[in-house]
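Take a look at the structures below.
After this come two complexes, each holding subunit A, first together with subunit B and then together with subunit C.
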Partner chain A sequence: MNKKLYVARSPRIAARKLGEEMMVMSAQGSTLFTLNPTATILWQAADGATPLDEIVERGICSEFEVKPEDALRDAEALARDLAKHGILLISEEPLAPKSPVQEQPRP
Partner chain B sequence: MSTLLQEMSNRALGLGVPLSAQLDLTYRCNEQCVHCYLDHLDHGEMSTTEIKHLLSEMAEAGVFILTLSGGEIFMRKDFFEILEHARDLTFCVKLKTNAVLVREKQAARLRDLGVESIQVSIYSHRPEVHDAITKVPGSLRRSVDAIRFLKTQGLKVVIANVLMTENMHDHHGVRALAEELGARYTLDPTITPMMDGDRSILERKADVSELHTLFRDEKYIDNVEEFCAPPPALTEEVMESLPCSAGHTGCYVSPYGEFYPCVAFPLSCGNVRQQRFIDIWRDSEQLKEVRSIRLRDLSGCSQCAHGGTCTRCPGLAFLEGNMRGPSTSDCEKSFARTGIPSKNLLAKKEKASPARLVQIQLVPAITGNRLSAMNNAATA
Partner chain C sequence: MPELALQVERYTAAIAIGGVTIRVNTTDSNFMELLQKRYSGFVSAESAAEFEFDVELVESTFAEPHSEVSVRHHSGRWFMQRADFRAEWNPTTRTATIQQNANPYSMDAVLRIVHTLVLAKQGGFLLHSASAIRNGKAFLFAGVSGAGKTTISRLAPADATLLTDEISYVRRVGDGYVAFGTPFTGELAKLGENTLAPITALYLLAKGQENRIERVSVSDAGRELLANVLFFAEDPELVHLVFQTACEFVNRVPVYRLTFVPDARVWEMIA
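So, the complex of A and B:
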């Protein structure tokens, strides 16, 4: 049986939805990415606590005519790609959801 | 601007989204720069709560790139609280500062908060020149130390070098300093009139001959021949183009909540203390007017050879008295670039030249008959 995959938004990014797409800028390198509507659904649901297969089933398979196994395969590839750019965190264990300002104690 | 950001900007324009905004947190400053357009007083700044509320409204409206500026942002004791809230709302945050109050601790905090970039004003690599402009002894050393702290944290630093009479010949030195510090460098020859309309500080701006030299410096201009070429003929497409992003995808909010199309365009469109940010953005009559203006509507500029290539700033034009008129500073830049005077400069020259001399010649006394004969001859 495949292990569950958990995804969480990196706290070091900037993001804003523009129309149906999500703009994401990584703090490292100031690289700008845009996510299409499907990737945006994944991104918005990436709370670090919900397994990726659940995100795909609830957010993508319910909205688009796509086989769950195909959707999950594509979602995993996308998640790993976003992780490579430092804008998504992935783990086989649940990740505690973080906000960008919770990394350091307040002064 | 990257291609993708340009594409996003075009999309934001189509959707009517304010993609970027500058928020000045205070006009107070710990430097007193000779060319500054602000009065450095506190006329009733927004409170921490008001600013946080505004930031939430801006995020909801779609603002992505948020520039926090001043005055000096670190003069606000709640600066980090405001910045934290901005990053909670996932803004792409850029800062403008003199960095005099940035030490190791502040630099580390900025890194932890994921700030995109920090722009630091440096006027000269020579303390005697920089400190004379800021009127603060030791300010160059403090700012340069701060840049080192920021770079140590891996942050992106941009050195902004405003050019004026006092530091006209120091830009190569500042550029070299930026390279040494690992910072990006930008040179800006624009001096802005005071926000109250006082134009006396414009006496400090670079003159045309200095701009002429600058625009032919290959250290700044990649392709001098192309940059300084005569402007191409105006096309229908150019005539329908927008003058700039002010009020279209960008806007500015002052420390007092006044909403302007841009920091350089002090046309009040409303106040965020009285109205929601999005309501001003969508419904302000002033913004609607700004958005309606196309190149073809500009008096003078629409018939000027430089119309399509000029860097005309509508805010500077507004400060000159007409938001549909020319901005003389930009006319001078176009002239310095190409050697071709703008329509506005020609009109000014015409106006300034003395009236044509009328030669008066003494003639012998003319009798009534002879005068009549001369008039007839003249009309024949």
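So, the complex of A and C:
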């Protein structure tokens, strides 16, 4: 059985959407990266608590016509690449507690 | 037997750049004379200064020749070092000690670094660009070496006031940004005027076969602006501030690509 992967945004990164592009800057060497649309989805959803397969299912498979297993394999490779650049943190354990589900207001 | 007291003469200059005054103290009158000349127009007689820098002239070498400048933050102090100087700045006590060779360019480097650190916390930055004021409006001309900063500065008409041909001083004021003159010179070797004006546009320079101005998308503008911002410290908090400031800047100030033929007609498009 494949272990679940969790991804979190690195605290050593500054990020902002400029126009349609997500820019991230690493404190290490002040390096600037522009994220492609898939990486942007990954970055925005990387809360450290949601497993990567859930992020892929909700954010990537719903947005692009792609098989879930292919999307997950590509997302894992992308996440590892972003981690190599210090943009994301990756772990087989949750990196943050799951945010409490917001209660819907009662009618 | 009475103690012998040695009175050491102290020479002082208050160097005001971008509205920030740094008093530089030295015991060497010749070096003070060099500084007065180097920062002419930016040396103020006022006694109030935000920062106090003591300079000790030495002949040592602090790092490998041609090595990159190193800027580190440790225990609340900034440590800066290059082959020709070593400096320690404490922002809390607002004092610095500098050991350097007797040339004003080492002082130049220390001042640039300190100003980038001060500006980062004030929503500003130093930019690798020429800048000038025309009709009360400031224009920035950014680009790497060879892009045309010196050329456009040299071509500036008589009614334009040159703020710098090399490094612009940008600070957030209210909803906009203001450019200040700097003594940091490039090939033109001419000090900027010590004045300021609100920034109207940033031009990204490119030499070409015709004069043309095109609006640049906000994402391209951000990328190119960040490529030209001077920043030396590998400090996550400050990198974050500078990054956010650059993004804020391109959201508020129009950025254009200015392709130009190197003659005076280019200034007909800038007013």
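Methods note: the second predicted complex is superposed on the first by the 96 of 107 C-alpha atoms of A that agree within 3 Å, B and C clash if a C-alpha of one lies under 4 Å from a C-alpha of the other, contacts with A are read in each partner's own complex, and residues count from 1 in each chain.
Simple rule for what comes next: a contact is a pair of C-beta atoms (placed from the backbone, for glycine too) under 8 Å apart; a residue touches a chain by one contact, two chains touch by 3 or more.
The model shown is predicted, which means the values in this text are computed figures rather than measured ones.
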Query: Is A:Thr34 contacted by the first partner subunit B, the second partner subunit C, both or neither?
result: both
Message: Applying the document's definition of touch, where does A:Glu20 land relative to subunit B and subunit C: first, second, both, or neither?
response: second
Message: With both complexes superposed on chain A, which partner does A:Arg12 reach: first (subunit B), second (subunit C), both or neither?
response: both
- prompt: Where does A:Ser62 make contact in the superposed view: on subunit B (first), on subunit C (second), on both, or on neither?
  reply: neither
- prompt: Is it subunit B or subunit C that touches the larger share of residues in subunit A?
  reply: B
Message: From the superposed pair, tell me which subunit A residues show up as contacts to subunit B and also as contacts to subunit C.
response: 11-12, 14, 16, 18-19, 23, 25, 27, 30, 32, 34
Task: Spell out the part of subunit A that touches subunit C in their complex, as residue ranges.
output: 11-12, 14, 16, 18-21, 23, 25-30, 32, 34
Statement: The residues of subunit C that touch subunit A in their complex are 217-219, 221-223, 226-227, 231, 234-236, 239-240, 242-244, 247, 250-251
Message: Which residues of subunit B touch subunit A once you look at their complex with the stated criterion?
response: 2, 4-5, 8, 11-12, 15, 17, 19, 59, 62-64, 80, 84, 87-88, 90-93, 109, 112-117, 156
- line: Residue set of subunit A touching subunit B in the complex reads 11-19, 23, 25, 27, 30, 32-34, 99-101, 103-104, 106-107
